[in-house]
Every structure is written in C-alpha cells, then in structure tokens.
C-alpha cells in the first residue's frame, strides 16, 4: 500500500503550473483552508467566463432558493400581463377593478405554469388557450431545470474532510517529518484514498527572484484502501526532501505553503470525490506531535473522538 | 493478466490506516461480512456529521417510503391549517363542522401539492390563491427531491458478490495457499474486476503491543477481464508471505482478519461498483479445498451450481 | 502510443477465470458475436439473482413499453375497484349500470394517477378524497421510476462498434499476424480507446484435459488516442505468441476462441463505454488481408466506406 | 509531477490510427480548432449510424428548442384529430363551426398532454376518456425525455479551454522548444489535468508515400495537479524529438499538424472533461515567445489578463 520511493524528489520546472509562478511578492496563500483558490482574472467579459450551470450549482442554498422563487414570480407576472392584454374576461367571469383582475390573471398563470389547473380560472378564448398551452410547456421545461438543479445540488458528490488546524514538524524514525492529520467527518466510508502534498516556495535561484517553485513531497503512505476515521499523513524529511536542513525562519522567508489534494471514491455516491486544503508556514508547528484520538471503548468497536483531531502536544525535535 | 510479483511484501507502517491501529484489544472484526465497518465516533455533533443525502440513500426501502409518506402528511397538514386560518369558505362552499372543514382543507392541500387540482375545492380568495401558488411550487420542488431519491436509490450501482462462507488454507503448487471463492450473484457481467486482500494482525514488535499491523497479500491473479460466474482468489504462502510459517494457533493469537475489497465495472450501470467483505481467523479452514461448481451440462453452455460455492472438502496440507 | 512489449506472454493459471475452465467439452463459444455471454447458473432462486433495475434497463424497448402500459392499466384498475367499493356516487353524479360505473371509476383513477384532474369526476366523499390523495402520491412516485428508467435507457452509454466478419492470419513484417478490423458505427468520437484480446484454448497439459487455458495476446498497438473511423488490431505471431507454430488444424482441435474487450471514453455521453466480441477458430481466415476502406475523396476530408470493412482478399502466407 | 522521459520517441506503426493514414494528399486538418473532426463516412444507411440521444444532445439550443416545440405541436394536432373523429360534443358543449371545434380539440389535447386539466374541456364519453388516459401517459413519458434531455444538455460536463492562437518555436534551455499556451476560461478549477500532443506528418519512407505518420511528443510537463489560470505546454526539441533538425519549410512540406488532447477532472461537474484542438504548420510561429499574462496586482491575489494569452513577441532562435 506504500507507494515506492524510487524516484528522487524532482524540482518542478519554472513554466506556469496552472496557477502562475508570479505570486511570490504577495505573501498570500494560493489555496484557502476551505479548498477555494486565491486567483483573479481580468480581460474576459462576464459572458465569456460565465457558465449558468456552474453558477447555479455552486451558490448557497439560500441564493438558489431565492433565485427559484424570483424566477417563478417574474415568469408568472409576465404571463399575467399577457393574459390581461388579451382580455381578462376570457379567463374569469368576475370582471372587477384593475388590481383584482391582475391578481386573477396572475393566479391563473400560476395554476397553468405549475399544471395544477383547478378550472375555476379557465381560458375560454382561443388566444388565451394558446398562451396557456405555451405557458404549461414553459412550466414543464422550466421546472425540469429547477428540479434537476435542486436534486443535482442535493446529490452532488462531495467529501467532508476535517484537516487538523496545524501541521507539525515532529521526530520520526530518527529523522524529522512533516505531518498533518485528517478525519472523515461523515458516517460513510471513503475507498482508495489518494493524497498529494505539494510545497510551494519562493525560488532563490539566480534570475528567478520573485518566482515560485513547486515540489512534490514524498509521503510515507500516499494511498489507503479504506478511510473511515482518521489518517496521519507523514512526509519524512530525509536527504531528498526539499525541507531537508531548512529552519523555521527559512520556511517563513520562503513564504512556504503546503498544498494538499485528496482524491477518494465515495461508496454512497458511487463517485470520485476531491478535497483540497493548504497549510501556510505559520500554520506549521515545529516540535509537536498529535494526541491519540482513540478512546478505550468498552463495547469493542473502534471509537474515536473527533474533537481531539486538532490537539497536539509539544515534543523535542 | 497476472499482476507481476516484482515488489516484495511490504510491512505497513504503524501510523493510522484509515481505521486506526488501536483495535487489537477488542477481538472484534473491522469489516463485517456484509461489508459494513465496525467503527464508532464521538465528539461530533449530529449536524456536523449528518448528510441528508447519504442518510436517505442508505436507509432501507421501508424507512424511505415511511419517510416520504410522513413528509407528505406533515406538509399537507401544515398547509391545511394555513388554509383554515385564512378562511375555509374561500375554498369550499360547504361550511360545516370543524373536523370536516379541516378535511376539506387537507384534501385541497393534497390536490394542490400534487398539482392534481380537480377544481371542486378551489381557491376563491386572493390569500388562499397565493398560498396555493406557494404550495404547488413547494410540491414540485419537494417531489423533485422525493422522486430523485427514489430513482437514485433504485438505480444505485451496486454489486452482489457472494463470498464463500469460509476461506481455506490448501496445498497449492508444492506450497500452501490462502484461498476463498466468490460468485457473481447477478445475471449481468462484471468487467475488469480488481481484488485486494489485506491481512490485519496484532503487532508483536517491541513497543507496539496492542496495535494492529496491516499487510497487502500478493495474489496469484489480482485482476480478471470478465467475471460472470465464479473466481477462486489465491494467495500463495511463499517465503515472502506474512503467513509464511504461521500456525492456526498463531493466527488466532494475532487475532487475524483478512480484509477484502473488490472493484469492478458493471456493464448495466455503466459505472464502477465496489464490494467489501472479510474473513476472521476462525472463518479460515486449514486443510480443505473447494468443490467444483461446474456441472456436466447437456446443452453446451457453461453451467454452474451457485449453491455449492460454499462447499469444501478436507485435504491434507 | 504503442504499449511496450516488455513482459513475455504469460500462461494463465488454471484456477477459475471468471467464466470457468470447464468448457472445453462443449465446443460452444464463451462470448457471442454481439458481446453477450454463454453462461448459465443453477441453484439460485429467481429472487436471489433478480435485480429489477438491471432487468428493466436491459429488456427491449417493446417489452419496456409493454411493461409500462400494463403497470399503468393494472394500478388504475386496482384503484378503480377501490373507488367502487367505497361508493361511486361520491365521484360521479351519474349513477348508471355497473360497467359504466366501473369505467367512470377507472377514468377518475387515471385522471388522479396522472395528476391531470379535470374535475368533472371529483372525489366528494372523505374516503374517496383520501384514496385519491394516496393515488396521486403513488402516481408521482411511480412515474418517477417509469420516467427515470425511460430516460436512463434512452441516455445509457453504449458504443456501437462494428467488428469485421472475419479475423485473418496475414503476413506482417516478415512474420505472420492475427488481425481483425473494427469501425466506429456512430458519428461521434471515441477517445482513449483500449483493446484487450484473449485467446482461449483447450489445455493439452497432462492432467488438465478438458480444461481451458487463457492467453493474453500482445498487440502491435493496444491503445489509440482518437477513434473516429476504423482501426486494424494486429497481434504479431512472434516467438512469444501462443499462436507461434500452430496450424489451422491445431487451432480447430484446440477449439480456439479469441475474446475481445474494447474500452473507450465517449465524448457525447462523457462516460466510459465498453464493447465485447469474439472470433471462433472457424471465423479466422488463413492467408488473407483486409481491403483498404479509404476512398479517394475530391473534397479533402477523410472518407471511408463502412461497407467494405468486412471485405478481405486472399494473400500468400 | 513531471512525467519521466524514460521511453524514447516511438515511431507510430503504419496501420490505421483511428483516423486513417490516407490523408496526406488533401492538405486538410484532421482536427479543427474547435475540437471537431474532419472525417466523412459512406456506405452506412442513416439509421445504422444515427443515435437519437447523441443527436439531441449535440445539436444547438435553438434546434433543440425548435424540436421540442414542433414535437409538442405535432403530437397535440394528432390527438386533436383523434378527439374530433370520435365526436367533439363529448368534450365541449359548444358545438360551432369546424375550425373552432378543432381548436377546442387541440386545447383539450394540450391540457391533457401537459396534465394541466382545467376541466371546462372535459371528456364525457368513454372513448374520449380512454384516449385522454393514453394521452396523459404519453405526455408524462414524452416530457420525461424532453426534460431529461433539457437538463442533460444543461448539465453536460464540458471544459472551456482557450488555446493560444499560435504555437511557437522558441529557445528553451539551450535548445529550442515547441510551445503553446492554454487558459481555463471558466471560473472553476480543473484538477489533475493531463495533456497529450501528437505530431501528424507525411511519411517520407519508401513505399509509404501519401500516408501519414504519427508521433507522440514528449512534454516537459504532461500533467498538472491544479489548473485554474494558464499553462504553457513545452515540447523540448532534443535529439529524440521528431522535430529535431527540421526547418519551417520541411514542416510545411510534411503538412504537419499538432493534435492536442486535454483531459481533466472538473470539480463542479464531478466528472472527467476533455478538450481537443490542433495547430497546423502555418499556425506555428518560428522564433517567438509568449508575453507574460501576469499583472502587478495591488490586492495580493494572483491576477491574470486573459486577453494577452494569444500575444507573442519575436525572439531569436
């Protein structure tokens, strides 16, 4: 299960790595703790980069529901005016004052759009019947989008991984190691979990000042078959590690950031899920080790206390 | 098709392996025979680890249907009270005693929520019409979740693999081998089937008492292209096997458990499916071999008797 | 793009290979030309191996539609009797003779089940209203399955690969080669296409009479990046090939069958698709080569005549 | 992260590569800039190669919507005639002149097909009720296809990759390199991006005139973990490159085309996406380098100007 460490640590080349090399000067993180990216683009119009599906799937539930309700109101108001324009008397016998006519039009529109069609409000004119036919088609197609998005959002595969608040530099098998701890916050199981850790630092090579350099960190174990509780990820700082010989101060000067990508198969979703996070140099604690999360369980199942995943204790290094 | 046995058997490192190392003392299995896990977590609130989608997809059909019917009743009762609050006389002409008014409200709500809208019960007041408009929207969106989940559950990719009741230790090519047998219980075909077997034992290394150690077992064949009937999985106990030289008694003392993960592509679902199981030391029979499952078929197609997949016969080892 | 031929041809081990080893006596093919399997199982009850989803996705469109229509009729007839049992006079004012009452009940049931709810037939009694509420819920949930299956069947990822009627043994680079030709019958593109060819023969080793042996055939090219027209798959019969030195008669005696599995990514479905087929020894033509399928096109796009994919011409070998 | 360059550049074999070898004479590109293919097939009937799902998913939104509206009109007109044939007086009390009867039939059909069912138009005869029952079933199943396709099209996974207008031949680490630049036009992130570049040229080997030869180009980096902004793909023209020693004129004579396939995981869609493009010899600029796309950002996030992804400046080579 341990990925063989045959290949030596490779220094990444200095061409663009997806998110540019020109980020040294800013002392900002590339990936936020929640996995979102710190990038910004200009020179593209809104419509060039806007994807309605991406937008409607990514926004919060509050915004999504507000969007659905607004679209529902706007479409029905438009159709209501259309029915009024062609004569409200072909829909409702009671012909009273303007606002009430509009309301009747609006309610007829709602009853058509949702295909509830009680029948008291009822198109008797041909034009109204035709518009109502268009509206019920619009309603069925429109609700296909709304309900598809609703269920798509609800069933969207995602992992809920808790990353320990801090990473640590701890003694490990005679040398030191960079370590952090993750936990599966869900009651489900993740299968065939892969993890990649990259170290991003300022390049100190001549002529490359102000540019970033990226290293892949070799892990003690980069893959587990089952992940249902916790996992401590260990990068041993051996001779080949880019961290070898570095001090806490040098890490700060290099504006180091550890980028993490986790990939797993979720058994409930039957799909691959991803999780991202990062540790900045100031989130790495030198000389510490993680507290055990296992409890003595009387009943004989593995018990774990998720609260103490973040807890560390001081250690000599 | 046989995975090359180039790499030597690797001893897994002693950091957490997804499901902790601190499970030796309990003599419980890690994975149940049906593939579920024996783990428990504390220190997280219900809402932190609850995922409604995972819950509604995983519960039994009985519970799911009960959930849908209850939600249906509760929502309609709520709306029924709302209609009564704003005057039942705007929905039904017959204004009788309280309980019958409530029933009429409830039936109107049902007819609105499901968009059936017969029309005898019919909102004549503006507020009732407005609430009915909200209810039919709620109904369409709510049924999107219910029907999406129903179909999602129905079409959820899963494999139905039968694992032989016992694993065996049998003579194999001059040495012994750990073997078990699986069958595809479905009429469909599985393609590109991969299997992994892990051995979990108590660690006897100094200072590691009470911890578990995990070994990947090398298989004679770890992958088949087609799997439509049965497959006997064979781990030869050669010099590199962690089972090499172990006795039945030692296996018991080590509280050994063989963890199995099967991965395949299901042609009907067009998706990857997984199956898990495990054998405890006391489910391994020493000195036995599996009976042939093939029948002499007169008609000329491969015939297999699925009942005798579990049957073994004693053998000298 | 050519898979390196580093690893020597490996003789498959004699344990079960998904579809058993005991098929030599029957002179039947393992995989039919259309990709279905020639296997049969006994000893399992119908309900153990039946999966409703697999069944409803796999049956023909005719059977599926018949199933939907029958279920629609049966459910509505059941509800119709239920309404009659509780008094047809609570649904329709016209109370005539039995059969017409039943028809009214049935039509009311249909109008409830489909949520069309015109309103002439209309539940006036409380019990009828309640049953109607249950029926419209049943209808919405039932149609979720029916429409989900309908769309699932319609959008099910599948490849339409045409396999040349015959495989050939043709001269190739000084030696001979086993070759067959495939074409993409669709207007779409397949990406990253992988192909595996296995040779299944009677085992002539001592003590293994009547058993099958399986060989992976090494291909000149086992993977192409784009597959939009045709591809000739070539297995060179070199010293390491299991076909090396075999004659047409020996191939017949060994009851040889060439099993084929193709895997690709379909750009339209955005999913992986599979295709299977096989050639029996008597579908292999010795000393032939495929005719070119390319036409001289005046307009400057690659033109291919799909009809002549099966055409071969005699060649000396 | 750099794919090791162990394997030497391999000359592709001269059998069909998915899109034939006989395309040299035409001076046309194999892949258009938008990723579509330049191939044509004959000898297959329309129905052999037509797949309704592929068609309806691939056509433009305008055509799809027109298709839905037409199908809606045609089905309702057919049912309208059916209702008229069995007597319009069983649907509407008002029995006027022919065209108005047809309109009433049509509107009744629409109200049945969409299950809106107001109830003024209402089947009173048994045959009309039965046809209406069939029509509402047809409507529910038909809308399942229409709405499934609508949402399937809307949520179809696709990448929007901008390829630089030109590829360049630029000095690189003492030698030259073939380079092009891509950008992610979307606000989302692509994960684990793989890229393949193939060079297609006329074969100048004896006896192979008029045929194409394909080379895989080795890349400085063929895979990135995160791709949110831009990436410059570099093929160093070293001794093993098929471009080694070639001049601009020779590239033209060989009718060279660089084929590109990009594969990535889209975090929003939770699915694998592909993108294709190509550069013809005349789109390759010799002696040029790309302008930096990074801006000096005051706010401290990586800022990129997407407009200048295509911009190059002359360089000595």
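Think of it as A, B, C and D in the order they're written, each chain with its own count starting at 1.
In the analysis below, contacts are C-beta pairs under 8 Å (C-beta built on N, C-alpha and C of every residue); 3 or more make two chains touch, one makes a residue touch a chain.
Here the structure is a predicted model, which means the values were calculated and not measured.
Considering the contact criterion stated above, the chains in touch with chain A and with chain C alike are B, D. In a homomeric contact, the two copies may use the same or different surfaces; for chain A and chain D, under half of the interface residue numbers are shared, pointing to different surfaces. Summarising the inter-chain layout, the chain whose CA centre lies farthest from the centre of chain D is B. Annotation: 36 Å between the Cα-based centres of chain B and chain D. We define each chain's centre as the mean of its Cα atoms; on that basis chain A and chain B are separated by 25 Å.
Multi-chain contact residues, meaning those touching two or more other chains, occur in chain D at positions 111, 115-119, 143, 148. Contact residues on chain B toward chain D in their complex (touch as defined above): 115, 117-119. Note for the complex: chain D touches chain C at residues 7, 10, 12-13, 15-20, 22-23, 26-28, 30-31, 37-44, 48-54, 57-58, 111-112, 115-119, 122-124, 126, 129-130, 132-133, 136-137, 139-141, 143-145, 148-149, 152, 156-157, 196, 198, 214, 216, 259, 261, 263, 271-274. If you check the complex, the residues on chain D that touch chain A are 1-2, 4, 68-69, 72, 76, 100, 103, 107, 110-111, 114-120, 143, 146-148, 150-151, 154-155, 160, 185-193, 220-221, 224-232, 234, 265, 267-268, 270, 292-295, 297, 299-308.
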